[in-house]
Amino acid sequence: MSSELFLIAGYMVIWGGIFGYVFYAARQQHLLAARVQVLEELIKEMEHRNG
Amino acid sequence: MLIKKDQMVLIVAALLFGVAIYTVFVYAPTELVMGPIQKIFYFHLSSALVAFLSFFTAFVSGILYLIRKDLKWDVIGVASVEIGLVFTTLVLITGVLWGRPVWNTWWTWDPRLTTSLILWFIYASYFILRSSVERQDTRAVFCAVLAIVGFVDVPIVFLSARLWRTIHPVVIRAGSIDMAPEMVTTLLVSLGTFTLLWALLLYQRTRTLTLACRVQNFERQLDGEVL
Amino acid sequence: MSGFWLILQKDLYAEFRRPESVIGMVFFGFLLLVILNLAIPLGSEISPETGAGILWVTITVSSILGLSRTMSRERENRCMDGLLLSPVSVEALFAAKMAVNVVLVLLAECSIIPLFFILYGDGFFTSLPMLVLVVVLANVGFAAIGTLFSAITAGTSRNEALLPLLFYPLVIPLISITVKVTSMIFQGAAVADYSSWLYVMIAYGCIFTGLGFLLLDHVVGE
Amino acid sequence: MSDFLTVKNLFKEYEGYRALRGVTFGLAKGDFLSLFGPNGAGKSTLLGIISTLVSPTSGQIEIKGFDLTEEPEQFKKQLGVISHHSLLYDHMTALENLVFYASLYKLKDPEKTAVELLRVVELYPRRHSRVGQFSRGMRQRLSVARALVNDPSLLLLDEPYSGLDQDAAAMLTEQLAELKSKERTVIVVTHNLDHGLNSATKVGILAAGRLVFMEARNRVDRALLEAEYLRHVQGDGEA
């Protein structure tokens, strides 16, 4: 009986670990996209001012 | 567009996992001696394979960085060490959870587990080193050196791990359990799934980190010019 | 005289005049020997494995004090730049610094090991030549990794505090082999019983010395 | 005409930032080049690369035909460097420091060279004192002596006058004049026009990683140089 519990726990860990990592990666990507957007706006603004 | 690619990675990974989980729980027979807990073995070993692939990639990209001095290889190196560390952690935890019901102890100084633990230490120190250097090129050199030395250490770690207190010698044979053909198929499916997952993760992380690096440099330049 | 001898001589002379590293290592080692005594139950004899473990924990932990100084010595006033400007090759620099480490740790061990026998019983004292051999082989391995990573940590913001974190994971295999061989020497086992491990130690020393020669150039480059 | 030192197409990039963007110039034996430029123009990077401490991203440097990457040992033997840092060991005496460095260059009689140099920088009476006990000015004099230990044919100085006391500055000027008379080639990097113009035979301006101006000293006067400097430095700000 407890053997199954450990099996379940083991799979939870693997799932949790992998999805946690993928989530972390996706979040970082997302934050980065936001920074890129800010930069793009900044550049547009600068071009506008200079040109 | 960035988010779409992310979603694609998730979908592909989820699909593959579905197949792998089906084979593990439904297709593969239950092992007679150890009972259902043996099923943890498929993903345990697959995680170990992914970790090894990652550390090997970090080793190769470390060498390439030192030769080419192209930050691209540094980024691939970080991405692989990061993935390797995540999967080594999974190997360690699943190893503990596997050992508890079967050998009635949380931790055994089995050579494989001990090796994984020492590797975990080596590659965790990689990130400590990384966080203590500011300049990109210096940091890349230091990390490349650590990745190379760490990987060269692996065989010696494994050799010496036999010297640790092994309470349960039976574990040493864990990898070569006589397996039913269905079990072999299941193992191959999960190994394949994890390898594919590894490739996707590495690709995705490399892209993100490259972009992060570029954004950071660009922001720094902008700061310089605005001031 | 070649660059190797000049740098070796300079560092040993500095240590001779003000033996910071050796005294630090010996003092810390002595302290550790006393502290580790706490782990032993009252009135019981310790096994050779425990003895070997205590000895090598003491040596490896205290030697970090000396290892971390090798490269940070060259940090004051940017003396490292002076060495790199001169026509001395980086290989000679690595060899010299590694030799300095081997010698300094050996000097510290000359006090720590006798102290160990005094505090934990001289029943373990069986074969001096084999003990010396193991100590030297272990030192070479420690010095090779210690020198390379001391150069790395000298270039980081955390400096010397970082070295143990990078150093110990990499030398764990060497420590475990050394403890094994030392415990067999303490038991008075025949050389043939552990000679294969001695070869592993030699291989370890050679591999990481070689890597140090190859990699130090990149590390001190900028 | 410029066969002593040639620098060709030097690029240096780091952190996505181009510190040097194609620097090319040549110097003849005995030239004394004063290089001006604002902070961040790449002066220190350029000197770092010529002194072999920084590796260029691309480009070529030769001294007397010795290539930096192909014959680093021969290249380094020609060099002397004076930087902000003294490069001296505090726990060793003045004499020991110089003898150590002289021996690194495999001189025939390092002791004799060291003693001679100590006389030149007027530290001979203090030769057995540890450098750690020296005053700032004395250290600076000793670090000048250290840079001259191998009788370099190319001397590189990075902001040499910044932080020097009067004695040391006078001594340095004297030493530079001496080197000039011995037909040694010198590159001085500075942002101070007065010091730089003193003994120069050539002047250059480095701005934003490019060598924007290079002329013989006798063909420019101070006003022209100042005008050029302001033009390029300000032009840099707009770009």
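Here the chain labels run A, B, C and D in written order, and each chain numbers its own residues starting at 1.
Note that a residue touches a chain if its C-beta (ideal position, glycine included) is under 8 Å from a C-beta of that chain, and two chains touch if they have at least 3 such contacts.
Keep in mind that what you see is a predicted model, and the values were worked out from it rather than measured.
Enquirer: Tell me which of C-D and A-B has more C-beta pairs in contact.
Expert: Greater number of contacting C-beta pairs: A-B.
Enquirer: Using Cα averages as centroids, what's the distance between chain C and chain D in whole Å?
Expert: 40
Enquirer: On a C-alpha centroid basis, what's the spacing between chain A and chain B, in Å?
Expert: 18
Enquirer: Please report how many Å separate the Cα centroid of chain B from that of chain C, as a whole number.
Expert: Computed from C-alpha means, the inter-chain centre distance equals 31 Å.
Enquirer: Just how far, in Å, is the C-alpha centre of chain C from the one of chain A?
Expert: About 43 Å, centre to centre.
Enquirer: Could you pull out the residues of chain B that touch at least 2 other chains?
Expert: Those would be 135, 137, 218.
Enquirer: Can you list the chain C residues in contact with two or more other chains?
Expert: 221-222
Enquirer: Every touching chain pair, please?
Expert: A-B, B-C, B-D, C-D
Enquirer: List the residues on chain B that touch chain D in their complex, please.
Expert: So the residues of chain B in touch with chain D come to 69, 135-137, 213-214, 217-218, 220-221, 224.
Enquirer: Show me the residue ranges of chain D that touch chain B in the complex, using the header's touch definition.
Expert: 14-17, 40, 55
Enquirer: Can you list the chain C residues touching chain B in their complex?
Expert: 145, 148, 152, 155-158, 162, 165-166, 168-170, 172-174, 176-177, 179-180, 200, 203-204, 207-208, 211, 215, 218-219, 221-222
Enquirer: Quick one: which bits of chain C touch chain D in the complex? Just the residue numbers, please.
Expert: These residues of chain C touch chain D: 1, 3, 6, 10, 14, 17-18, 76-79, 81-89, 221-222.
Enquirer: Spell out the residues on chain D that touch chain C in their complex, using ranges where they run on.
Expert: 51-55, 72-74, 76-77, 79, 81, 83, 85-92, 100-101, 103-106, 146
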